[in-house]
Every structure is written in structure tokens, then in C-alpha cells.
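Should a chain be cited, it is by its letter among A, B, C, D, E and F, assigned in written order, with residues numbered from 1 in that chain.
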Amino acid sequence: MAKVITFGEIMLRLAPPGYQRFLQSPSFEATFGGGEANVAVSLSRFGAKAAFVTKLPKNAIGDAAVGELRRQGVCTDLIVRGGDRVGIYYCEKGASQRAGKVVYDRKHSSIAEAQSADFDWNKIFDGAEWFHFTGITPALSPAASAACAAACAEAKKRGMTVSCDLNYRKNLWTPADADKGMRPLMRFVDYLIANEEDAEKVFGVKAEGTDVSTGRISRAGYENVAKKLIADFGCKGVAITLRESHSASDNGWGGMLFTDGGSCFSKTYQVRIVDRVGGGDSFAAALIYALMDERGPQAAIELAAAASCLKHSIEGDFNLIGLDEAEALAAGSGSGRVQR
Amino acid sequence: MAKVITFGEIMLRLAPPGYQRFLQSPSFEATFGGGEANVAVSLSRFGAKAAFVTKLPKNAIGDAAVGELRRQGVCTDLIVRGGDRVGIYYCEKGASQRAGKVVYDRKHSSIAEAQSADFDWNKIFDGAEWFHFTGITPALSPAASAACAAACAEAKKRGMTVSCDLNYRKNLWTPADADKGMRPLMRFVDYLIANEEDAEKVFGVKAEGTDVSTGRISRAGYENVAKKLIADFGCKGVAITLRESHSASDNGWGGMLFTDGGSCFSKTYQVRIVDRVGGGDSFAAALIYALMDERGPQAAIELAAAASCLKHSIEGDFNLIGLDEAEALAAGSGSGRVQR
Amino acid sequence: MAKVITFGEIMLRLAPPGYQRFLQSPSFEATFGGGEANVAVSLSRFGAKAAFVTKLPKNAIGDAAVGELRRQGVCTDLIVRGGDRVGIYYCEKGASQRAGKVVYDRKHSSIAEAQSADFDWNKIFDGAEWFHFTGITPALSPAASAACAAACAEAKKRGMTVSCDLNYRKNLWTPADADKGMRPLMRFVDYLIANEEDAEKVFGVKAEGTDVSTGRISRAGYENVAKKLIADFGCKGVAITLRESHSASDNGWGGMLFTDGGSCFSKTYQVRIVDRVGGGDSFAAALIYALMDERGPQAAIELAAAASCLKHSIEGDFNLIGLDEAEALAAGSGSGRVQR
Amino acid sequence: MAKVITFGEIMLRLAPPGYQRFLQSPSFEATFGGGEANVAVSLSRFGAKAAFVTKLPKNAIGDAAVGELRRQGVCTDLIVRGGDRVGIYYCEKGASQRAGKVVYDRKHSSIAEAQSADFDWNKIFDGAEWFHFTGITPALSPAASAACAAACAEAKKRGMTVSCDLNYRKNLWTPADADKGMRPLMRFVDYLIANEEDAEKVFGVKAEGTDVSTGRISRAGYENVAKKLIADFGCKGVAITLRESHSASDNGWGGMLFTDGGSCFSKTYQVRIVDRVGGGDSFAAALIYALMDERGPQAAIELAAAASCLKHSIEGDFNLIGLDEAEALAAGSGSGRVQR
Amino acid sequence: MAKVITFGEIMLRLAPPGYQRFLQSPSFEATFGGGEANVAVSLSRFGAKAAFVTKLPKNAIGDAAVGELRRQGVCTDLIVRGGDRVGIYYCEKGASQRAGKVVYDRKHSSIAEAQSADFDWNKIFDGAEWFHFTGITPALSPAASAACAAACAEAKKRGMTVSCDLNYRKNLWTPADADKGMRPLMRFVDYLIANEEDAEKVFGVKAEGTDVSTGRISRAGYENVAKKLIADFGCKGVAITLRESHSASDNGWGGMLFTDGGSCFSKTYQVRIVDRVGGGDSFAAALIYALMDERGPQAAIELAAAASCLKHSIEGDFNLIGLDEAEALAAGSGSGRVQR
Amino acid sequence: MAKVITFGEIMLRLAPPGYQRFLQSPSFEATFGGGEANVAVSLSRFGAKAAFVTKLPKNAIGDAAVGELRRQGVCTDLIVRGGDRVGIYYCEKGASQRAGKVVYDRKHSSIAEAQSADFDWNKIFDGAEWFHFTGITPALSPAASAACAAACAEAKKRGMTVSCDLNYRKNLWTPADADKGMRPLMRFVDYLIANEEDAEKVFGVKAEGTDVSTGRISRAGYENVAKKLIADFGCKGVAITLRESHSASDNGWGGMLFTDGGSCFSKTYQVRIVDRVGGGDSFAAALIYALMDERGPQAAIELAAAASCLKHSIEGDFNLIGLDEAEALAAGSGSGRVQR
């Protein structure tokens, strides 16, 4: 299987222990994560050759980010070193009716201030077949947006497949800015991935019959969203994660993949949440893996849903599972019996 | 908003990590809590000026208790220093069918051995509008009971509003002693607060149609309890928390406020419990806040129920939320979606 | 109450913190456990005089295992010291759809390489009334299997009651080997204990109408399993735990005891799982306790089901509860209300 | 080797992690310790049969104390259960010029409020050869003092050897009270043990030429102290630990044993301190062990000094070493090379 | 005693546990610190009324910083809320020959981007007597430098005493920039405080005969430095900390205060280092305290040296000691004996 | 710089927290280490391309070992997967007079049971210039010894430089067996590395005038040892680490490199020990680096001594420093001043 490139930000993630609130006690769990890095990690763990492209400062924190990616098998040779800081996000787990909370401190990070010229696209895309980015990267800064556009164009020029996860973040930009930032990139995108509210937030394409705040989901509504996005942007496929938010502890979870063959819906899982951050990224990664592996749309959406269902049981941003575990769940083994 | 005084005990709370039993491993999480202190912390976090009155020894443990209250914004200037020890309670979390467990080691604490004369009521009540105490303080010792009675009388003399949370504790006194201890204080009380079994345990006023051990709750039963309490004691209002104890992990939760306008019931929440200790205190505090803020009985009970619902998702005695979070939940946002 | 002997392996259990995967962070919770040791601990905590017989190396890790058993009140005077190593099992908690995972590193442990001659059966069984072993011990090695057979014969010779928990472990032997290893021991066994799939895995006796992977359980099917086992092996009684595996977080749990008086089924509990390892051992121990205490079959199965239901809320292998707690749950108190 | 009885208090020890001050972070390391319990643990670890006699409440904290003693091999069968609470001491480690700090919360503990009649001396001393107590027990309360005197008399009546560690604690009583409390017990004492300032504090017998606050020690001065104590009280031997307090991190350490054969001084060790609490107890225990084992005075004081030197490198009250380690150090192996 | 104002930055301090390197394991101890905040904390703990002035963002991390200051008794009413982020410093402990390491991530913090107009100097200095700042604040940004100059001018205008700790940081500015930034502020400064190399780094005033890299210190050299600074800037006094850096684990420590009465040198302490960060701040604070308390120069320098000597034994930035502890050490009690 | 191959074992290292003894509390720090892996990590961190060759089981623990090596930049592509288990060593830190302690549980590990045929030497040595092994590998098992001999022969055949660290382990084999195992390998060795007692233990070549148990070192004695080894085995150089074991907390440390140019001794460092395990490996790695970089013997021994001096301040087996830090210390900067 060939090389996938993901491009974006990896941040230091600072999380209080267990269900504590920020700095309730003087300690943070300190790991790394970020939408595009998470996808690279998942792909690498599944056996794909994945490289993550970003810019990180030449200091001990940047070194640690590189080391952690390397530990997960991600190629870090294409990471540019320089700039001032590693972006940070403070991440507090929700529970029951209390929502999880994220405080971003990612402005002025090395990647947010990186220029397109920092990246040697020839070297980066040499031998690569798939390029993945998310809506977070263009939201970081005008420079990051420009670099992202350049990456898309370069990838497309080389005939690579391009996927994009809309990943709308209200703390980074407004819907209006998101529309302005994302729309021009859509012409490069073969596979568009979104969660249950991204399309509405970014492009104003609403799923009728759905109320995300109550967790009520309409399948037909999402089929129409996909059709509209394909009509507007000419993508080959649109994949949407379908989260039913019962509470911060319990969610329904599944996904839809819409291609020219129509819609395929995955099973719906009722998940008891350990950590839901990175759920969408693990979905995107497994979908990309299955598509590269030409498994067919139904198999692809089942693998994506199963992998990302399991992500909800894993601490941290990275989906620390193996392909075998995702496949077993997709095949029906969700009883959680101890394997010994 | 004006000053609230709460009077009682703050204890060192020693809890094993996670779901471990006492001293299963050689470590305790060491925080502070106690009914009346918890109320002061909630009020202060909501923006009210709250002072907590107690007696604490002049040693490093007493200093730490004061520091922690100060961290939460509670005024500690009225705390008397002296006596022998900070009371302790060992607190083990329950899970599933296993009940939580509390071992008290609070005898001979500075506040239990404090005399009414230790407190300068003129200074304490200067400028204050509301006085809150709970049934724990009179249960500590005859001296504490006398000091509590003195505080009530002094508060009433100054025209302050007085609230009392019955907070019956079977490890501190018998129902008979509780009745004898609490009944004389009732004439000072404007707002009487209780959980679903306090009124029965302390005053023998049973909610017909309810079985607290199974979690079955009768609304009409509690309306009658409130009517009876108002008839007996002449309170302005009676508020009762309604807990449906399905297990140590899952509870139903809501509340009723009964005033001369009749009964108002809050929504019922199904809570996945992180830590239920302090649930009643957070209810009382939010209710006091809403009443002081003249929000009307339905809004008051909804705020109280929402704030205390959220408390169940917070580690420790203190309800470490903001007013905005309680208001958002009362307004309907309980899906627990990550805020980022 | 008289002395119970259990014989088998105690291992070092290395578990990542919380819901982390193996070595996600560089730390292990390090406790001890193993089927037969767990039974001895439960019995001792309930007030029975229990001794655990095994072989442990003369080093600091072996010393720690002995110390931990002693802490739980288990008699360790009969443990033989020598050999090379303490067996290890790495244990990862499951959550939601993700199954728990055990990696065994128990080959070449002192007990696996022990010889029957290492044990002085006269001394071991002096004054003992009950002997318990599980299907794990014969699976360890031919030598352990021989020692186990010798123990059974010696116990039976002295007129003791013998119980056996089938405890099939697919990582230790195949069903065929298990059949060959266990069948000859059955003639010594008075009470045979099994989980919902052991009888099928070891002896090919399937419970019709049950699908353990989905959690669907047929009571009639298990009655037939018990009848068949009694017919084949001449046991006095067969007890089977009935687990409904909804997910790694939520299970249904109960048990059946089949004796010449017919079948008794316990209540079924819906458990929110903290740690399910050792659930079967805590069931066996409580059953043995009740049978020794001549409580009658219905009371026995209720105590066994309640004790083991509570085990699911306890971290680690040992069921750190008291007899009073199991009895209270068996009597109906499962609301999980804080005791204070 | 025969049975040793120690009598006194075991407390819950609450210590902040590392070099933190009390409650600098919300966590305590929670272990158990107390002069006489520490001696019993040391003796048991050296292979002697040691029983610890005290009174502990019937609750989970009392249970944990018993379990911990049992883990260390101490016989707990003679412990009386009842009373209100386990005594507590908060223990903060010193470093460099900052002194360690202890806050006692041990009043009203079960043993402090125990009566002599609580203890069945016949059962306790059955088969015992040596009785050990310290000056802490009589300081707890008049009742504890009376029980201690009764124990001494009963032990003496049975011809047992009695040892006493003066262990003066300024937070428990004044020198005048200590003199009054300890002097009557001296007639029972065969071996009197003290640290470098106890004799002066309790009996006013000063070591000339020594300034404990600077760490300057005069050997001749301590010989005279021992002579005086023997002359006054008729003991067989006096042992004194000689601590040179350079700082909270670095101490000189050694000991003297004075018998009718004159004085024997141990080597002096320069210790880098991990935890010095329990240093004197480990000295007393090793001395008792050596005397029971009839090793001769020089060997005895060397073993005592070596064992207690090693205690300074161990976290917690208990001296978690083996006899072999103390003997090796006494024999000269203090280079600290890794053993692998 | 009257009110002291300190002005500057408080940062989140992220430190790996123990002696680990950055992110060696995925955890940070998360506390708060910063030169001027540290001084306010020390003063408050000594009993002075101290307020800290800064700008912090309106988010949970800013709230936590305010809470922590409040816990230490510092007045936080004058803190301005707004801006983007709390500055961070990553702090790795040194040991033996390995130097401690700090990675700054403090650019773009709220205080670095604050404008002088953000601060209401009339309100801030109302009733204040002493103003303290350090060389870090002007180094943050031109705006912070301007605000600092404004504060100095406003303080001076009101007749307050002004103290400044040079606190040169090579990671924030060059010596040339430091000279340019600090020189204009010197005319406001009554007491100038520096470490053993600040004067040389900032103003090029070298202490002859001293080599800070080897720890060799010349007293005469520092007297000349002080004379030169007083001559140049007209300060009333110059205080210099004298650190002998033997290694990251062991330092010599003392100080000099030079006033019109000549030089006073403190005792020199040999310190075993727990955490040396904040050593200079604790020195400045104790000096300010002593000067405000009019204790005379020798007493002042002894208190400052003793307080800051003790700081080296405390984890974190804040000097969590009491005035009594500093006074006791200054009076000679440095043997580190446990207080019990 | 070209590729270095190291061959041997990487183990799971289980260490109690801080200075605790094994299982004093139920927790292990779980990292990885082993002589040859440690050398590969050091080389990689210094910038050399290093690959580690071993055999590890196909399970989660083996995966974690691979991931950790990858995190440190070591090439893991040549690691063979298979066999039963990852070897373990339990590692307890010493302090003061208490020696560190290692309990090996490494028998039957995948590498101990590996066959030479498991390794494809052509692939392994393709493009490599230097081969390093230690005396531990041949001590593991006859098969490992044979594989090690094969590796040496293959490396030599390709003209590579071969280095060997004698690394005598008394828990693995006797001196007689070590002599028999190591002597035949010596003809392949260009650079022989040893600690202050290895040559005596393995080959009976004693350094006259040295007593390693007291820490007294004779330089002339070690020159003679080197001469003798060169004479016997024909090595190009012999390097010996010179440890003066004052205690488990404090050591002197330095090294000697003897080549045809005579002896070069490094500076001697007095180290305050954080963790001394891996000290020799870090010495070997830095020496290899310097020799490959042709820095000359004095520079080489100074780099090796400085790097390994710093290792003593680092937790765990790996020397987590950069080349710049070793060079700075070698150049004289050992004052440990905080870098900020």
C-alpha cells in the first residue's frame, strides 16, 4: 500500500486527570494530538505508510511531538523545524450532562505562522498517492490557509487522491469565514468528510429532520446533504459521521458514505465514552484506508464506523487500535468479553 | 447581590483513587468539604459574596482549609482559629450495586468543640442578608448546637433570611435526637431544604407512595410533605431533592420547590455519576442564589436542579461550575457535546 | 468454620492505569491475582480459614505475593518457596465495544515447574475440610497437572469436599487438551463450577438456546448442561455463572446452582463494570462459603451471585468486600446510596 | 527464637508526595506507623515472632492497619477492636535547612482511650519472652499510661525481659510530665533505649560536650549518661542513638550500647536521608533482635546501627529491609553498588 | 503593615515529574509562577498585604491563576482580565552536572500584549506604600515595558518606595536591549536587587574576582558592584544574592545588602536543592518585608538569605514558608531536625 | 556518519516509584532498557544512524518495546518478531548505604531462545560500519551466544569495526563461564570496553591498587589492565570506566582510554546519582560516537565520561541527552545553572 500525506497541526494536549476540571489539581496529562496527525497515526497503525507534514519549533517540546509520532510509526522526515512554539489545547473531559471543554492556545504556533515556501512539495509528495487535510489547517492563519491550498494544488497536479475533513471549529473562525476559506479548496477534494453539523456550519447545507443538540438523526436528511455537496463540488464521495449526543457519557455513533452508487449506512453503535476527541479523525483514517484498499463502500463505511466507535474507548487523541480490532468489531464482535 | 453567611464544618476529605476501596493502595486524594462550606463555595462561584464561618485549628491543616476556601473566592475573614483538629471524613466512591461509604472521624474537631462565645455575631452578620446552616452543625455536639441556635437567633433579629438544609446523618445522631435538635431551630427558618428522606427521618413526615431504596418517587407525596412542614413550622418555602437511586452509578435527579404559590417541579435528569457527594449542597446553593436574585419559583427550582445535576459530574465536594453552565443546562443543553 | 485449601497460581498482574492500553504511558498498576488465590482471599475475608498452596520463588517478587496474601488474611504457611519466577499477566481493561485483553507471561513460573513431590500433602490437608482448584492449574504444565491430580486424590482420601472451577483459558490449552486434562479429575469433584461457556469448551456440553457472544442466555439450556455434567461425573452439584455480555462496560450477571433438589437461579443484576476479572472466582468462593455454612441452595446461589456482582465494582483480582455487603445485596439493597 | 510483644499505637501516616509541604497538592501518601508497631515490623522481618498489641476501631481504617501489619508478618491476633478512631499523624519531609514537620492528630484514638482492662495480659504474654514499649504510650493519656504500667508489671512478673525506648515527644507532654510518667516504669526496664536528647529531656541527664542542634557529639558525655541511668534505674543496659544533624538531608548516625562490660560504639555512618522517621525504632528492634540472639554487645550495637542506618534510605515508618542487608552493612558493605 | 504592589506576569509552569526530562513521560506538574507573582505570594505569607497586578485572559486557565494567588492570600482584585493567553514556561529540574532547563512560551500572553491604559493606576496604588517590579516585565514587549515605566512613574509620584529585581533573562532579550530597557527605569528605583551576574549582564558592571560558572565569589567585588550601581542610579540600597553553583544539586547561598551604612553580608548556606526556581524572588520579598518592617540592614539581609535558602527546599515557584520559619533559620536553627 | 548495529536484548524494566522497595506500593514505572539497546538509543540521539537487532514476541509488550526504540530514533526494521516473551528486569533504586537491586526475569525471552538462523546478517550489516555487542548477550543462552559469535564473524568479514562491552553480570553466569564464553569472541573485537571490575571478573585481570568496594582507584593499575588485555586479544583500544562507589547516592566517575598512543584519562566527576543504570552503556555509546567521528583519544574519553556522567542524572536506562549537552560538560560547564 502506498504513501499517504497528511498536513496540519500537532498540538500538545493538556488534560486534567480523570473527570477533573482544569487545574482542579496541579497536574496535566500531556499527550499530543491534532486532526491531521491523528489521521496519520491511525493509518500507520493500520499498516499504511503515512507521513505527517507540519512545522514544529526546534526545542524540546517540538522534539517530543516528533518522537511521539515516530513511536506510532508515522514518518516524520518531512516535518519542517522552526518557528516559535508548539500549539496547545487544554482538554477537559465531559461527563453526564456536563459537556467536554476545549481551550485553544494555538495561535502563533510554528505551523500557524509557517509559509507555503517552508515546504518542499516535490519532496513531500514524492511517491505519495493520497493527500488528506482538514478544515482546521486553513482556519489557523492566512499563511496556513495558503500553504494548504498550495498543498492541494500540488497533490492534484500529481494525480493524487485528495480527502478533506471539514472539521468546523467555532473557536477558530466563524461560519462565514469558514465558507470563504473552504469553498475554494473543494475543487481539489475527491472525498469530503464531515460530522453531523459541519456541512451546515461551513456551507449552510442543513440535514432536514435532524436536531444535533438532542441527538435525533434523519438518514434521509444526510443523504440530501451528501447529494448537495457532490452537486456543488463534484466530489467522488461524501462521508458523514452520525453522532447521537445523548449525553457526554453516552452517544450513538455511526456513519454514512455516499458515492455514485448511492448511500451506505453503517451499523449504529451505542458507545459508553472514555474519550471522544479524535473520533472523527479515526473515522476519516479508516475510511481512507478502506478506500485505498478498494474494499467497496459498504465495507468502507463499516470499517470507518467500527474503528471510530473503538476510538471512543481510548484515552487521548490517537486511536490506539489495530486493523484487526476494527475489522472484528465491524464483523460483529462487540460484546467486550475479555480475551485471554 | 448581598452577603450570605454559612456556618458549619469544613472537613478534610480523604478518598482513595478512582473506584478503589479504602487503603486498597497507600494513597488518598485529599480535598476539603462539608455541607455549609460547599454551599458557600457554590454561591461564591456563582458571583455572590459568600462568607463561611467555622472554627479551625492553628496548624498547617487548618491553614490549608482556609486557603482552599479562599481559592474558591469564599470570604474566610470570619473564621475563628483555635481548637485541636480539623474533622476528617473518609469517602469511598460506590459503583454499580456497591454503595458509596463514608467513615466519619469528625468528633473533637475545633468546630465541634467551639462555643457560641467564640463567634462575634455582630461582626459576622454585619451587612449580611442571608444565613444558611444545615442539620449537620447541631448534630456535631451540644456546644455546636447552641452556637447554631445563637446564630439563627442573631440572624433573625437582624431581619435576615434564614435557610436550613435538614441533611440528616445517621452516623451523627438518631432520628429522635435529630428531631429534638432541629425542631427548636425551625421557627427561624424561612426556607427549609431536604432530600427525599430527611423529613421522614428527622420529623417523621413521610412521603407516601415513595420508596427511596428502590428509587420510586411520588410527586404528590412530596407535595404533602412540604405542606405539612410549612404548616408545622411556618416556613416560606420548602425545597426537596428527588433522587431515584437506580444504583451507585446511575440516578434520576430533580427537585421540588413548594411555596405559597404551590409546587414547582424541575425537569428530571438521568445522571451518570462521577461523584454524588455534595449534590444536595449544590442544590441548596443554587436555590438560595435564585431566590436572592428573585428569579421566581420555577426558575429557581430549575436552576437548583440543573446546578446539582452537574455537581454529580464533578470530583470532590465542591460544585466547580459557573452560573453560565447551570443556566445553560436549565435551558436545555444537556447533550454533552464538546465545546471547542 | 473449618479450613479450606486452594491450590494453584498467584501471578503478578500488570495493568495500565484507567482505560489506557498497554504501555500507553510508562506505568503499571502492580497487584496480584490468580483464580485459586482469589478464592482463598474471598473466603478469608468472609471469615473462613483459608490457606493458599502454591510455589513461589525466593525473591522480592515472591515475598511481595506472600505479603499480599497475608494482608488479606490468607494462611501462607503452606506455600513452597523455590523455582525461578513469579508468573505475570498483563491485563488491559476493556470499555464499551473494546474487549479487555490479557497477555499471559506465566510459562516457567515456579508453580508451573513445580513437582507434586514439592508439596507435603499430609501437612497441607491436616485439619482441612474443603479443597478447591480450577482448570487453570492442570493447564499450566504436565507437572502442575500431576500435582493437581495428586492433591485431588489426597483430599478425597481424607473425605474432604472437593470443588473445581472449570475456568477454561484458550491461551493456555485447546479444548481437546482441556478435555483430556480435566476429565480424569472430575471423579474427585463434588461441586463443579463453570461459566456460561466452559462446559462447552472443555467437555463439549453446549447450552442450547444461548449465544454467549450476544449475551442471550437460556435458563433451560443451562439446566440441561448441569444435568448432563452430573450424569457424566457424579457431582453433588453444578454451579454456572450466567453472564450477558452487552459490552465491556455493561453486563447482565447471575448464576444457577443445580443439585439433587433441582435448579436454583439467582436474581439477575445489571452491572456497570469497574473490573470484571475475578468475577467467577468471587462467585465460587461465596458459593463454597455458603455450602460450608449449610445455607441451602437458593441462599447459596443468591450469596454467590451477589458477592460476584459486587466484585465487578472492585479494582483488581481480589473481591475486597465483606460478607455483610454480599448478604445485604442478596437481601435486596442494590440502590448504591452512600452510607454515612 | 521466642515471641516479642510490643505495645502501643499504630497511626495512619499522611504524607504529601516527595518534598511537598502539607496539602501543597491534594494528595497524601497513606501508610501506617508508630514507634512500637515499627519495632514489631522490624523484628518480624528479621525472622522473630513478633506480636503488636493495641486497640483499633472496628472500621475500614482499623482493618487496613491490621492488614498492613499482617502483610509485614506481625501477629495481629492480640489486637483489641473497639473505640472511635485510628490516630493520625501528618508527616512532612524536611530537606536541606528545612526541618521535617509532624502534626499530630492522635488524641481520642482507640488506644489513647483504651483501659488496661481491655487487654487480656495472660493471653498476650503467653509464651512471650520479651516486652517492648516506648515513652509515647504513657504520654497518650492517663489510661494508656496505666495500661502500659500494667503491661510492664505483668511482663516482669512472668520473668520476661523488658525494653523501653524513651522516645520523648514535645508535642505530647512536657519534660516535667514525661519525668513523672516514665520514672515509675523504669524499675521494670532491663534495656533502656534513647536518642541523643531523650535522657536530658525526660530525666534531666545531659550529655556534656554535646550540642544536638549543631550535630556535635561527645562520646564520653554519653557514656556518663548511660552510667547515670544505670545507677538510677538498675537497667542491664542502655543504648543511645547518636545523630549528628547536619541538615534535614544529611546526618551522621551511629549508636552506643553500655552494659556492665562498658561501652561499645558502632561505626558512624554519613547518611543521605530518604526518610528518617522510624530510625530510632529500627535501631531498637535490631538491638532487641541481637540481644535475644545473644550476639554480644559490639555485634549488637553494630547490627542496630547498620539496620537503622539503612532505615534512613527507606520511605515510610517501617524498616523494609532483611536481616541479611543489615548484617552486610554491619560487615562493611556500604558502597551502594547495584546488585545484579 | 501597609500594602505592596507587584506588577508583572504569572505563568503556567509545566514541569515533568521528579528528575525526568521534558515529556519523558506524558505528564506535567502544573503550577503557577513568575518573578513578581512569587514576590507577592511571599509577602502575603509573611503577613504583608500584597496585591499582584497583571492581565490574564477570561478563560479557565486565567481563572486558575487567579484562584491560586487567592489561595496564597494575595489580593487579586486589581488583575485585569482580557487578552488571549496565559504565558507558559516549561521547567525541567537539573541534577548533579545536568543543568536545569527552561523553555519559554510566553510571547503573546495577555500581559505581554497589555497596554498601560489597561491599568487604572489610581485604583492600583490607592493606599499602597511599596511598588516592586523586575527586569522581566520590560523584557516582555514594548507595551509591557511602557506599562512598567508608567507604573514606576505613578508609584514614585505618590511617594512610594520602589524596588526592582534586575532578573536578567537571556531568552527574553540581549544584554544590549536589557541595558536600554532597564536604564531609564533606574531613576525610580530605591532598592535595586540582583543576582551574582545580573549587574554585569544588564549594565556591564562586573564583580571582579568572581567566576559564577565555577561558583567562586568575591565579596569585595560585589561591594564594588553595589557602589557603582548606587553611584550611577542613586538607589538607597543594592542587594545581591550570592550563589555558588557547585552543581545543579548543591549550591552555596547568601546575600549582601549595601546601603549608605556600608555592606552587610548574610551567613552562607550550603543548600541541597529541591527546586531553585524562585530563589531570587523569595530573597527580594523577604528583603522588602524586613525593610518595610524597619529591621535594619543586617537583620534584613539575614532574613532575606534565610527565607530564600529555605525556598531551595520547596517545590514550585512559590516560597511556601512562614515568617517564623525564615526567622528561625536566620537565628541559627538549620539542623533540619523533625519537629514533633 | 554511517550505520552502527547493536545486537542484544531489550527488556521491560519495572521499577518502583522513587526510592521505594519492590512492591512497597502497588505500582511500577514501566520503561525499556538493556545494554545494547541503550547504546543504540544514545547513538541515535547523538545523530548517528543506529539500528538495534533483537528478537521480540508478536504481542503488545513487544510492540511497545519497538515503539519506544522508534521514539528515540533507533531503526527497528531489523528486529525479528517471534518467540514467547519480552524479558523483564525489576529494578530498585539504591540510596545512601542501601545498594540498588536488580531481579532478573529474563530467561526464556525471545532473544534468549533465538537462533542465529533467525537473523539475516546480509540484510542486517548492509551498509553498516560498526558493530557493538556486550557480554550480556552470550550470557543469555547457548543459542544467543552462538548468534552473537555469528554476528561478530559476519561483521568482521565485512571489515566493520567491532566493539564489545564486557558487562559482567553475576546473576547470569559465573566468572568461569564468562571467561569461556567471552574469550573466543575477543579476536573479533577492536575496542574492548569494561567497568572497573569486569576484566578481573571475566578474564582474571586485576587492577592492582584498587578496591572497588571502597571506591579507591589506581590509575596505574588500570593502565596495566589495558596493556594486558591488548596483549592478550590484540584490540586497538581498551576503555575502562572508573567508578568510585562512595555510596548508592554519591559516586566518583571518570574513564580511561588506552590505545597505541598510551593512556588518556578523563576528568573525574563527583556525581549525585539520580539513576546509575545504563551509565556504562552511555559511556560506550559516546566513545563509539567519538571514535567514528575521529575526535582523537583524549577528546573521545572526555566525551564518553561527560555523556555518562550526565546519564547518572537521568531516570531510566536511556541517556536522554543531546550531543550538545555532553560536549558542553566535557568542555567544562558543570555548574548546573538553570538555562533560561
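Keep in mind that, in the parts below, contacts are C-beta pairs under 8 Å (C-beta built on N, C-alpha and C of every residue); 3 or more make two chains touch, one makes a residue touch a chain.
What you are looking at is a predicted structure, and each value in this text was computed from that prediction instead of being measured.
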(request) Look at all chain centres (mean of CA atoms) and spot the one farthest from the centre of chain F. (result) B
(request) Give the label of the chain whose average Cα location is farthest from that of chain C. (result) E
(request) Have a look at where chain D meets chain E and say same if over half of the interface residue numbers show up on both copies, different if under half do. (result) different
(request) Please report how many Å separate the Cα centroid of chain B from that of chain E, as a whole number. (result) 42
(request) Note the residues in chain C that touch 2 or more other chains, in rising order. (result) 18, 21, 26-27, 67-68, 101
(message) Can you tell me, using the touch rule above, whether these chains form a line, ring, star, complete graph or other shape?
(response) complete
(message) Quick check: in the complex, which residue numbers of chain C touch chain B?
(response) 18, 269, 271-274, 306, 309-310, 312-316, 320-321, 325, 329, 332-340
(request) Give every residue of chain A touching chain B within the complex, in rising order. (result) 18-21, 24, 89, 94-102, 104, 169-171, 212-215, 245-250, 276-277
(request) Going by the contact rule at the top, pick out the chain B residues touching chain D in the complex. (result) 14, 21-23, 26-31, 59-61, 64, 67-68, 84-86, 88, 90, 92, 101, 103, 105, 107-108
(request) In the complex, go through chain B and note every residue touching chain E. (result) 67-68, 70-73
(request) Note which residues of chain F are touching chain B in the complex, please. (result) 25-27
